[in-house]
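Below you'll find a set of structures to go through.
The two complexes that follow have chain A in common; it is paired with chain B in the first and with chain C in the second.
Right after this comes the complex of A and B.
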């Protein structure tokens, strides 16, 4: 108990130095309630079970550790797509680089504008899914985000939107510390694709709350920037209605520390939720995927597919959970986490969990870790494929299951292109 | 199985068969109590109680000090809360920490001197303490060659060991098999060297408690190159009310030796819950092999969750030498609450660890059980097969850890955890921790959760089986891989237990 009080004290000391962004009535109320929750739970600590494999200290300390800005020389991702661009530079909205925040079938607003109002529909979602996602496992950094987010987008999708919304995060200042929060509401039958890319800041705390109404579909493809020293903690909260679809894919290459949490709740019957990720880590790289899927309705399907390719001391973490609530019969839950360790120094740490309270379900999970299959390598080499090319082919086939979770073929190709260039750079 | 009572016996089926079948059915069949005069230590736990236990066991000072040190540590420890178990707080001061039959005050010199009531108790449990007898209830055992069916038994009744069979024959082979209290007196050099070396005094709350108050248990030492001539077994019986049983088992398999060890346990049926916190330590040297099998059948409480044993057990095997090998097999059908993780430390190169488990929970039972495979040596191998079956409103959790250290090159782990749910009010959970810190090792983990297959049920029912029989058959099939890993003496009993444990789970 003493430890809890001590952490609450430390958290209070840390929070007292911060200012809550200016807000109108609804947002002020939400932020205040969130702050009291946060003070109660305290910021994450190293010995917290949920942070067993990832050290939270650099994410919670007062100052963001500096991260050099990295020029990749690559064309920006998703450049060839017709999309609505919303650009943030070190967490600050950049009007000049952004498109008009308007489109057919949706309305987009800046969070900074929405919170200034006294009444706004975003009240019914902002911090709401996050608060719900705190049970049964606490996610203090998400609460932190709700309390201190300075900006973000508030999107209301009313129809089937053809043009993707592209959130672009540029990193320009070495010690920037950004906190962004997005709220996305899809009406019944609506559809939207949200793309995210860029390193964002030296330290980035981002939340996204997505409410997918009945028969709506949400597609999400994200690539986290290549800056070697950046740190990020992100939370993706999703609530799924009847016959709705939620599909999210994340590509991560580089970054000193990344913790991506996805917290999904299937509340309507026949809903489908997929979360997938491919990560390629080289050197001082720590990547953590933490996923929590709750089945609270009948005949739903969920899939978690995570692949990690690691070398030169990179560390990959996977904590996944499928929770099937009483009565969530006919659940089809699948979870796979695999790592390919390219050398002796890399590590893979996993905790794939199932918690099941309904009997008529088919749930399974698998987790593997190992080196490149020498037999397969030999087979390719025997057919004249040089060793490095053969290795790359095997890496590509290893991550394929995750990449295939991207439904749009064009977007998939874009991701594959990035994977190939990562491999090519390593081949040098 | 309850249906048997009403079934008319078909022609050609003799009464003996019917009786035998009736016997394996029915409720918890070890729920009776032996009426015997007991001697208790005062209720509660204090330094004086620890001293008293040590005194009763006529222990040397170093042992008393060891216990007191553990007791001090225990006072600073908190009860673990991470397991998926929900039970009322245990009042550790509301327990008796020592109980022994009055007749055991003077240690009997041989089995002939043991109180006939105690002998009768074990006889009734199917554990004969007369050497000429074989284990009861084992089909086909009477046809087996005499050599193959000998099992030496150490019988522990509440806090004391009642007797150990075949000691002379084992001695000829160089094997030491006796109660731990006897070992502390007779073989202090071995106990001193190994006790607490696998499960340190301050390992966890329950192990620390055990270190302070353990009253009896078994001790095995198999010298280098000796293959133990028979199976060794310990039978634990809790009889006295409000009494915790804290047994301590220490097994040492010296270089190149082999031993197979069986453990069984039962307790009377009571309304109040009882505490059981055991520690088992196994030391395995170079080229040695130990097989440890458990059929845990403590009283599970009634259909409404009243009573039952709280079973908090720390079991660990340390494969110290190269090519050392350990195999844990457990059938967990009893106890109201089970908290148990038999683990393997694979320290030597090429060491092997195996864990086979069936955990059945019915009614209000809760089990949080699994294993740890800690790979430290090169080319080490481990295999985990866990089958969890949950019925009624029970909760069944597999919790395990596989850890490949950076130096454990070319190691291998395969884990399979399957859960079966019977009924829509129970829960089945899987919580594995997988930590891989080198790339030449391969780790594979698979887990599935499902219900009893409708088609299999239909097939069985259509052939005239009632619902409970069909479920028992399907569950036995589901758990086959583990049942097959059991020694013959236990396999039969385990299969019957599977059926009994699931009684009342369908319909």
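Right after this comes the complex of A and C.
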């Protein structure tokens, strides 16, 4: 008990130094309620079970640790696609670089504008999935986000949207500390693809809440990196209606610390939720995928596919759970988390979990960690492929199952191209 | 072409001598066959020549076209023109057969200072060669050897050989697992590559492969050594009487 009280005290001290962004009535109410939840649960600490493998201190401390601004000198990802660009520089919306916030089949608004209003439809979603996602495991940094987010987008998708919405992040100030929150609501039968890329800030706390109504489809492709010194915590909350589809893929290269949480709830029958990630880490890289999928309806499918390539002492973490609620019969749940360790200094820490309260389900999970297959490597080399290129082919082969989760072939090629060029640069 | 002198090899991990002094010379334009009981060291010889890790060469030498093979990395030996058709081709999920082969062809060309093959030219060539080996387009697109039957894997090895056009080809039991028709296809593939500038070392247990690929010289390997060398009739003798007589004779 003493520990809890102490943490609450520390949390209060930290929060007292912060100012809640100016908000109209609905947002002010939400933020206030969230703050009292947050004060109750306290910010994450190292001894918390859910933070066993990842140190939260640099994410919770008052000041963002500085991170050098990283210029790649190459065209940003998704540049060749026709899309609606929404640009944030160090967490601040940049009107000049952004496209008109409009498109066929959807409406887009800045969160900063939406929260100023006294009444807004976003009230039914903003912080709502987040609050629900606090049970059974607390996610204080998501509550922190709901309370303090300064901007983001609020998207209402009413039809099948052809052009992807591309959230582009840019990092310009060395110690920037950004908190963004996106809300996406898909009406029945609606479809949209949301892309995210770019280094966001020295420290980035981002939430995305997505409500996918019956028969709607949400596609999400995200690339994090190559800003090496950043620290980021992101939460992706999703609610799936009947026969809806939710597919999210994240590519992560570099990053001192990245914690990506995905919290998905299948609430309507015959829904499909896939969440996947591939990451490449080198040196002082720490990447944590924490996933919680809840089946609360009949005949739903969920897949978690996470692949991590680690070298030079990099660390990968996976905490993944499939929870099948009573009555969620005919659930088809799959979870795989694997790491490819390119040397003995790197490590992979995995906690795969299944919790099932229905009897007619098919759930499987697997977690492996291994070095490169020497026989395969020799086979490639015996055909004349130099060792470094052969290793990279094996790396591409290893991450393939995750990358294949990207449904659009064009986007998949874009991701593959990015992976290949990262590997090529390492080869020098 | 390929010259091996007094080659002695032990395992790196344990104190086990496998090759105990191998002498062998394969001239350009010739087909040499190696036969020998299970475990006599035939595959080990092919691995050591190709540059696989895990072996320690305690004595002897091996050269290809006068170049010291044992000093080179596996990929450098390949670029020099050495090719091994594996006894057990490896499955590599996630790497497409085509991508793999094109990477290999171009890596070798680059290493030799030659121009890389364009995607279009490569495609044309591989399609033509795959066709003669009855390898369908679908197999080319699949990951390397994944889900291939035993015979398909062996045909895929020959396709790779045909694409890479090596100078010295070592075939380790390429006939095992082949049905009669596939055996013919594979042999035709090999025979098509026979020419004055190319040497072959064919490891096999059976005469029936040698019916199709006629050897110039036959060696018998036993307990890490070449114990007998002769003409094609030696293989017929093995086929008829097994190894007992030959081994007794040299003991």
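Rule of thumb we're sticking to: the second predicted complex is superposed on the first by the 428 of 428 C-alpha atoms of A that agree within 3 Å, B and C clash if a C-alpha of one lies under 4 Å from a C-alpha of the other, contacts with A are read in each partner's own complex, and residues count from 1 in each chain.
The definition used in the following text is that a residue touches a chain if its C-beta (ideal position, glycine included) is under 8 Å from a C-beta of that chain, and two chains touch if they have at least 3 such contacts.
In this text, all values refer to a predicted model and were calculated from it rather than measured experimentally.
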Chain A residues touched - chain C or chain B, whichever exceeds: B
Touching partner for A:49 - first (chain B), second (chain C), both, neither: first
Chain B versus chain C as contact partner of A:389, first or second or both or neither: second
Touching partner for A:366 - first (chain B), second (chain C), both, neither: first
First, second, both or neither for A:353, with chain B first and chain C second: first
Which superposed partner A:73 touches (first chain B, second chain C, both, neither): neither
Touching partner for A:327 - first (chain B), second (chain C), both, neither: first
Sites on chain A touched by chain B in the complex: 49, 326-327, 329, 339, 341-344, 346-371
Chain B residues touching chain A - in the complex, by the definition given at the top: 82, 84, 406, 419, 421-451
Touch list for chain C against partner chain A, complex: 50-53, 73-75, 77-79, 84, 86, 89-95, 99-101, 103-105, 107-108, 111, 143-144, 160, 164
Residue numbers on chain A that touch chain C, as the complex places them: 373-376, 378-387, 389-390, 393-394, 396-401
